[in-house]
Amino acid sequence: MALTSDDVQRLARLARIEIDAGATRDVQAKLDAIFAMIDELLSIDTAGIVPMAHAQDLMLPLREDAVTETDRHALYQQGAPSVAGGLYLVPKVIE
Amino acid sequence: MKTIGQLSEALRLREVSSVELVQDALARIAVAQPRFNAFITVDADAALAAARDADAARARGEAGALTGIPIAHKDVLMTAGMRTTCGSRMLAEFVAPYDAHVVTRLRDAGTVLVGKTNMDEFAMGSSNESSYFGPARNPWNPAHIPGGSSGGSAAAIAAALVPGTTGTDTGGSIRQPAAMCGITGIKPTYGLCSRYGLVAFASSLDTPGVFARDALGCALLLDAMAGHDARDSTSLDRPPEDRSRALRESATAKPLAGLRIGLPREYFGDGVDAAVAGAIDTALGALRALGATTVDIGLPAVKHSVPVYYVIAPAEASSNLSRFDGVRYGHRAGHYTDLADMYCRSRAEGFGAEVKRRILVGTYVLSHGYYDAYYLKAQQVRRLIAQDFARAYRDCDVIVGPTAPTAAFPIGAKTDDPVQMYLNDIFTIAANLTGSPALSIPCGCTADGLPIGLQIQGNHFEEARILNVAHRFQQATDWHLRTPPGVESAVRKGGP
Amino acid sequence: MSWEVVIGLETHAQLSTVSKIFSGASTAFGAAPNTQASAIDIALPGVLPVLNRGAVERAIRFGLAVGATINRRSVFARKNYFYPDLPKGYQISQYEIPVVQGGALTIATDAGEKTVRLTRAHLEEDAGKSLHEGLPEGLTDVSGIDLNRAGTPLLEIVSEPDMRSSAEAVAYARKLHALVMWIGICDGNMQEGSFRCDANVSVRRAGEPLGTRCEIKNLNSFRFLQQAIDYEVRRQIELIEDGGSVVQETRLYDPDRNETRPMRSKEDAQDYRYFRDPDLPPLTLDDAWIERVHAAMPELPEAMRARLVAQHGITDYDAAQLTSSRALVDYYGAAAAALPAKDAAAHKLVANWVLGEFSAARNRSDVAVAAAPVPPAQLAGLLRRIADGTLSGKMAKEVFDALWAGEAAGDDDADAIIERRGLRQVSDTGAIEALVDQVIAANSATVAEFRAGKEKAFNSLVGQVMKASKGKANPAQVNDVLRRRLEA
């Protein structure tokens, strides 16, 4: 499977990573090489094999419904890029 | 450089204090840092304060085996009040507001944290070259890689800076650098050590583990670090184990009598460097001499482990790294036009090329129309690989082979060819896919004097067994005691 | 050409746990920004989710209440998209295997009762809030992100597209709203966003396959739900009749303009890249737990409705009205229990008053049942005086209004008002006979008309007697005595 430069830009947009038009070709070439390696999977017969999502067959543990956290927003916001009045600030969100 | 076991004994006998050990470590780091770049952050004041506390605890009679031992954490583990960068520009200034569970456990065991070690960015790499803070270098030859992603942790021990370090292993990131740097490193069973506070790369594979000079040191660190954590839903609740007890028992003539060692055909074929193959052969001879028998086994699906890994790990990573968006912490671009532009630029600037590449691969394999073909397929092949191992462990107790197909390659040799870089992990990835424990010990060196690693894998929860095999090997050999040329001379006179 | 409207609803009910679905932070509403956003809620590097048992228990309760299948194994997935109120860059939700599957709700429509099928109900986490107004001074062109709400447990309840009008959609939403409060899994506070609906709306000509649907997001009142659907239906029909076609998209309802418009943030083709969350093994439920939840379930509205008809002797209509709300039927029950008489007449009297005067007063003052100024025991005190003939209906209404206005407080204070206002009904036969005789003597012409067969004249005479008694005579007795005297 070979990617087009449009594919690369679509992925970049989906992943919110800017890729300069000039760099697209190099990114595309390296991704193509990676997929050439990965594509070996496509020909493996896996009929009837249950996908393995995890190394261990675990049961989900549950916690009791109790408030255990206190307000630590001042600590958490110490290194935040932009805050005011306890809010994280971002460029205007348009719904 | 002494081992953790030797230092523990010296501390117990008051031949040395923790403050002296830490002062020595800090002095060594100061000398070695320009050469090996093993550390990203060193906190001398905090380390000396903790060492004084450790000595005080000892004076009160409250010391354990690890009390006062200086260690360093891979910079992917959160350390409260200390910078935690993940080797990335994204978190270059990030000060962690809490401790990872394994950090807490090792502190509670009395270890003294000296600093944070260099690593491939977000643990993505096999050479430490993707670090935003520059590559760590191999103490055996600074022109070569130390391995990765936990390269700084491995280099720090090989360079005799600290006797123990933590690492994380997602596809070989402890074992491969251990092999490259000629030290001992273990990746335990998935779920044995909590992932809480480990900045996630691939959550279903990420495994905290440890490095030390020898297997006994690893056993001591691992015992302190392992344990159930209710904050990690994949953490296992098992009774505590003393993994060093069997190691401390005195050796018999044939300490490995009855041990069946599986030799996978797939680990001994083409692609393995001749020097590596030779060293492994010699090591197998030593293991047989200790009483073990060897049996040929087949792990036919293991050859697919690299492509399986490079679907599953990037898929999980693409999602795990979405939180780095420049909103609540981390790097935010200086200039942007709107919200979407802020995201795209902050992430483009904050992440390096390899991380971006893997995010794009992961985004692709999860995207509409490709999920079944790639992601589900990879999970199916993951099961085939796990089935291979389950079958093999009916015929053998441990599986042994090379940790990596070659010794450490020169810095820059593979940076422009990601696929060649990925193939380095061909022998280590399977243990992450199955979740089983595996370790690497030094077993020889190339003509150029670069170390060669022997990988010992075991079934789930068989850490004690593989550590014992490694320990008996180390009792019969001295590869683990060798130090890189020039390293001892870097130590100030009179140090331990 | 007649158009058929097809509506399905996706409802987000915030579950009434004290802590969040994956963290120990409080879910209390209205705290200062980000003071209830824990390390997990703001997605600090390295943190991991741990599922809240209380959220699961509430999901089970819901499944049992709607007759659904409770999946013994369900799976949490990640829904990946970037938005500043979504700190991890993904929402943890159930995708392929939800905890609750199937089930149904019965709603009342003009054409009788109708069953709306449920597709599923799954657990997920709420997002934070993006604030565009009320930001600290001097900030322009920015939004403020408050993550207090992030991680609040949600049950997303998805219906089949079984509704055919906005009225049916509202009936369904109201029924669901009442149910989640009834079984105690959601506080139902729509102003605070505890219960929000997304409507999937499409139109088709009768007999044709389903049309293209639009999803209208975040409708947080029943009125907006109705208005948004009505607007959207008109828009789609006009579009098609003008030769256009409906584009599948997500739209937002603007109540100020009463219109829907496309959401800009959803313009990108969404590709959520769902995959199983590797941080959370599958949720497994054992039969014993489900059985315990089942045993602790309150009586459900339909069962209580049937029981009230059978045991209390009230009408099915009244029983249905009362059981439309847990609070209302609890009020009814408390008032009935405070009345000494336990027969059908007493229960009917209580039902009439709870559904009549009490509900009307509540609607006028827009107060919840629990906040009503007349508690059930006080209403019972009033009803006792109707039952024993002390008060006429008109007098009782006057007393009720006085109680509602807070003129007296306490259980026996209907009596205090009756005393103060001198509202005691005259039931003394001798006194009534005297009044009747006076009226007959003074109105001979009307008496003659009655005797000539004009029944209307009788009512006029009753009115005269009541007037003479200043409204205090017992009307039933007046009727009785008057007829006896006239026919003697």
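When the chains are written out, they are named A, B and C in that same order, and each has its own residue count from 1.
Operating definition for what follows: a residue touches a chain if its C-beta (ideal position, glycine included) is under 8 Å from a C-beta of that chain, and two chains touch if they have at least 3 such contacts.
Keep in mind it's a predicted model, so treat the numbers as computed, not measured.
Student: If you average the CA coordinates per chain, which chain's centre is most distant from that of chain B?
Tutor: C
Student: Tell me, please, which two chains come out on top when C-beta pairs in contact are counted per chain pair.
Tutor: A-B
Student: Would you identify the chain whose C-alpha centroid lies closest to the centroid of all protein C-alpha atoms displayed?
Tutor: Smallest offset from the overall C-alpha mean is found for A.
Student: Quick one: report the Å distance separating chain A from chain C, using the average Cα coordinate of each chain.
Tutor: It comes to 41 Å between the two C-alpha centres.
Student: Centroid from C-alpha atoms only, then distance chain B to chain C, rounded to Å. What do you get?
Tutor: 58
Student: With centres defined as the mean C-alpha position, give me the chain A-chain B separation in Å.
Tutor: From the centre of chain A to the centre of chain B is 24 Å.
Student: Spell out, as numbers or ranges, the residues of chain A touching 2 or more other chains.
Tutor: Counting only residues that touch two or more other chains, chain A contributes 13-14, 16, 53-54, 56, 58, 60-61, 63, 72, 76-77, 82, 88, 90-94.
Student: Would you please write down the residue numbers of chain C that are in contact with two or more other chains?
Tutor: Where chain C meets two or more other chains at a single residue, that happens at 39, 42, 44, 50-51, 82, 84, 145, 271, 273, 278, 280-281.
Student: If I count partner chains per residue in chain B, which residues reach a count of at least 2?
Tutor: 94, 97, 204, 230, 233-234, 318, 322, 325, 327-329, 339, 343, 363, 367
Student: Sort out for me which residues of chain C touch chain A in the complex.
Tutor: Touching chain A from chain C are residues 17-19, 23-26, 32-39, 42, 44, 50-56, 82-85, 130-132, 135-136, 139, 141-147, 252, 263-265, 268, 271, 273, 276, 278, 280-284.
Student: Using the touch definition from the top, list the residues of chain A that touch chain B in their complex.
Tutor: Listed in rising order, the residues are 3, 7-8, 11-19, 27, 30-31, 33-42, 44, 46, 49-56, 58, 60-61, 63, 72, 75-82, 88, 90-94.
Student: Across the complex, what residues on chain A touch chain C?
Tutor: 13-14, 16, 53-54, 56, 58-69, 71-73, 76-77, 82, 84-95
Student: Could you pull out which chain B residues touch chain C in their complex?
Tutor: 77-78, 84, 86, 91, 94, 96-98, 100, 195-200, 202-204, 230-234, 315-316, 318-319, 321-325, 327-329, 339, 343, 363, 366-368, 371, 375
Student: Could you pull out which chain B residues touch chain A in their complex?
Tutor: Within the complex, chain B touches chain A at residues 93-95, 97, 190-191, 204-205, 230, 233-234, 236, 304, 306-308, 310-311, 318, 322, 325-332, 336-345, 347-348, 351, 356-357, 359-361, 363-365, 367, 373-374, 376-384, 386, 417-419, 422, 432-436, 460.
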